[in-house]
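Letters are used for the chains, namely A, B and C, taken in the order the chains are written, and counting of residues starts over at 1 for each.
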């Protein structure tokens, strides 16, 4: 068996002077707390604080980054135990699934999923062999045993991971029971919600009418018109804030933003209530509601995150059989300059506003987003996101963004993960890549080591606190 | 004169530990056989097995990569002996042309053409001086002499190049006489066709009607309707398979793919037969025929290659005077996510299908193609193609593709060349760049050396065999 | 205080063999004269030859690269003394503004503005401390004192910078008084104009009618029709040539180029004269006038520069309050292949033509511009422009352009600056990055050192002289 060892210099440039600089910078930030301003961890983990079921349920089933790679090589999702939407049967033996996982683990060579999983196995669970078919069941046993010890309960991991803030993503219609219970439990872990209203602002959402009804119930006022709808959203934002929220989150295929009159909005809203709105209505209504979200943010101080450039559920077979979030979301070209002009003209100069933009279309990093961030005071650049949350992806991000946008118009690392146990792995990679990038600048005499150390702190803790208004 | 020496460490990173790794990896693959699953070598070379005429005819005249660079610097194609379409006279003295070639050879500094030609001169022909004006005629003599020895006959070069498969590209209306004769000759060289139906599926092709008539003759049934047309294509595919074909090849300006009904197809087909189809008809008919090719591939097992994103014959003066393929094909932006959705929904989950996609638009590598390949089981990524078949181009390809798509969803190197003698040069560059890329991953502790060696084999021989279904 | 020292090896790769090569190459070009074929320095500097007012007026007020970064961090332009268009008051104390500049100077870490300013402070003005809040006033004093010595008069700086050509950018309606006076003064500095007709060819320009009247006055013939307009432009081009111009410059949002008939042109021209033309008229008229500029260039020999891909004045609040050129020009996606086809078919094969194209959309470097330059004799590639005139930006440019387009289809470095004192800083960075790029090619045995030295000369002086027809 091959040993699983994480080299202390991993991901650093091979050139000795860069590596030496990277080490020095990394050592100054590696023990800083984790601040996670955006992600998809289930807050119920910390209410219930129950052990994770088994290694397969922990590492594979919920992580579409992982199982999409197996699917791409022809392994049916049924064999991996991914639950079907239509209830048709799938493999239920976690050990059989784990065996497939182990035998195909080589597919992750050179990928971030491979890097994260190796970290989790070794640094979190103390596994000392590379996972292969031959040791699959032995490693399953080792993992499973640890999972059922007290040390590996979610709250204890939260503490040992040194997490200072963990932000979840919650729909506008979420009653936030879990967050309320966490607060009431007396546990000191700082788990906060963020406000994601897509399901009530996107008229294409098949449950939109139902969601509006829930929104009405939660705000104790039936919603029969646009004004009540706006009031309900404002009301929910206040409730989110009362449970610690400092931000909102918006997922868009295209970052189109444009205001319509209240009369027009009311008209489309009524059409939608009657189930008669069409795609054109949905497009302009979403564009308008982003403007409204901008207005509300100026008023209530919630920071906006805009995730754009993704066509969801490209594979209809998978959507129908397994539902959404199964690895078939594919990035598309995104245009920001014209699409965001009205928004930035309305709110981009407003000192009360912070809008953080992410993309999956790297061609806009240096062309559109860095120039935006280097000009508009309200605009900040989100980090290398999703597929680009990787060694090369983060390096390209820094190379393409820094010279035009500047380090100080970025917001630090964001893990954006559903996989709680992967959080320290992901932050560690980000800290190493930033250290290496800065170490390379020092080696080329572009900045001094003293400057590099200051920037490294900002990229790790300083900017995220400031941008997301965390008073910690 | 400057010596022409190919350094043993050429193209490897200067950093000593990366270079050391790259050497070790390269030494494990440099002697593996060449498997060429796509290219444009004329199969008649191996039927006739006659000596190449002279150095000018071998290196310059057929290679638009080469003469386009001279043209870009103001040297008329007439002076380079490129045959005209209208029969107007051009330079016919190969020595005069060679002199121009030599005097302007410095233009290739830092380009892949320069790298390949140096390899061919030195490694294939044993030339030991850099080509310049001063030694042009001497080197011409040296090359010419060798060309007329037995060792340099095409079949002997095929063997000394250690080629295990050489795939040609053949139109649907090619009777494949050359391939039949090669098989009948008893020579053991494995030269196989691939099926390229563009000239009978693209209604914009000025010879489309004529091609349909030839198609009918070849399949011994006059084609008067859509059903016969489809049957003829299926018939031809079977014939290609009988001569060893394992793949089809499709060149598209835009990778738009969409099915129409048989009635609609018949209607457009009849319009086209009557010479009355228009650009809109051609667009949807091509889109439909790619879907049909997908269906046929599922049924007969031929692997599909889709080369998209190129506007052919941009320079109308050159087209009119010299014809197509004269260095004036220019890449255009390509959109795959929406354009290929119907195709991938129809065939992307089908275990019988393999579709290999190439592009010239690097902005889609990490945005569209790597996510596709990391999800759809039928989709594989072609290598860095054409202008990107170069040291930096291949490096960017690996950097942009690997982390999202994974090494195992790629298909190895494809030389795609008309220039037979350049084949070993091109494969050598690819092997060096892959070795260097892997050596860098090892140096940064992202993969182990053991893993690197396994991946290197896959990138050189393993994946190409599997993807193209070569049973060798 | 931190010392301000510019390391002799700055910007070179850390790897010792590359660095060694880079040093050798750089030492061969670092003292070559500066040839600046395009920029925005005010020629009146050299007519009047008066001292610069003070450090704030020199380094901050005119440089939107610099103050946009402060604005992006929420510092109002009023506080920085940027003059308003509406005359509302702004900070007038240069020392107060300088204090803000110094306290926020850390924002430029890792940016080209930071690199240039450090060079200017240290190499031009002999400052030996990093600028921070604590030494702001002391450094202000040091700079201010020097500014008022004879050595720092514009003409003396011109000489000490070793500038051989300095090209300004002048509207078609500029009487070129400054240039005439420079010539008449007997001073030997070679300051020449270039012809920028945008303000008389773009019907969207709010002053277009007024500009046409000025054009008529300057050419001593009232312009009442299209033919007179064309004649006036030809007349002005001749006048520019008589004062040394060798080039024209054209700024386009989209590089669309297409000819209309003279009748159509006349019709639109009359509509515009009557103040009745619309956006569609403007679009096609601009496209047509670029074709006309192509025709004139073939006839009078002026080299064309086409700067495309920028949406000007994105921030309407800033435009209204402070006017244009305030850091709010944002790049947009640019398509060249289809947009330039008619132009390149008309003039791209013409031996009398040189057209130099720049872009801010890096995704077109390898996809569109390098293939163009590697084919059309008239087409040359401008250097990494504007936001990409930076260490990483120039490196990417060489990596993306060289293999397909070749070194010899580029035109050397262009500083494009308004900031006269930054010229040597910018050329120094470009020379270092080119030296490093070439040094890396040598280290990887892609070119020899002898070849690298020849290319380095071309990139610094040879190609710019040839492309811009400078007989120096």
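One rule holds for everything that comes next: a contact is a pair of C-beta atoms (placed from the backbone, for glycine too) under 8 Å apart; a residue touches a chain by one contact, two chains touch by 3 or more.
Computed from a predicted model, the values in this text were never measured in an experiment.
Superposition on CA atoms relates subunit A and subunit B by a rotation of 120 degrees, given as a multiple of 5. Between subunit B and subunit C, two chains of identical sequence, the interface residue sets overlap only in part, with shared numbers making up under half of the total. In terms of their C-alpha centroids, the spacing between subunit B and subunit C amounts to 40 Å.
Listed for subunit A are residues 13, 15, 363, each touching two or more other chains.
Here subunit B touches subunit A in the complex through residues 15, 17-18, 335, 337-338, 341, 344-345, 348-349, 351, 363, 366-368, 370-377, 379, 399-400, 402-404, 406-409, 440-441, 443-448, 450-451, 454-455, going by the rule given at the top. Within the complex formed with subunit C, the subunit B residues making contact are 2, 6-7, 9-15, 68-69, 71-74, 106-112, 115, 311, 314-318, 327-333, 360-363, 387-388, 390-393, 396.
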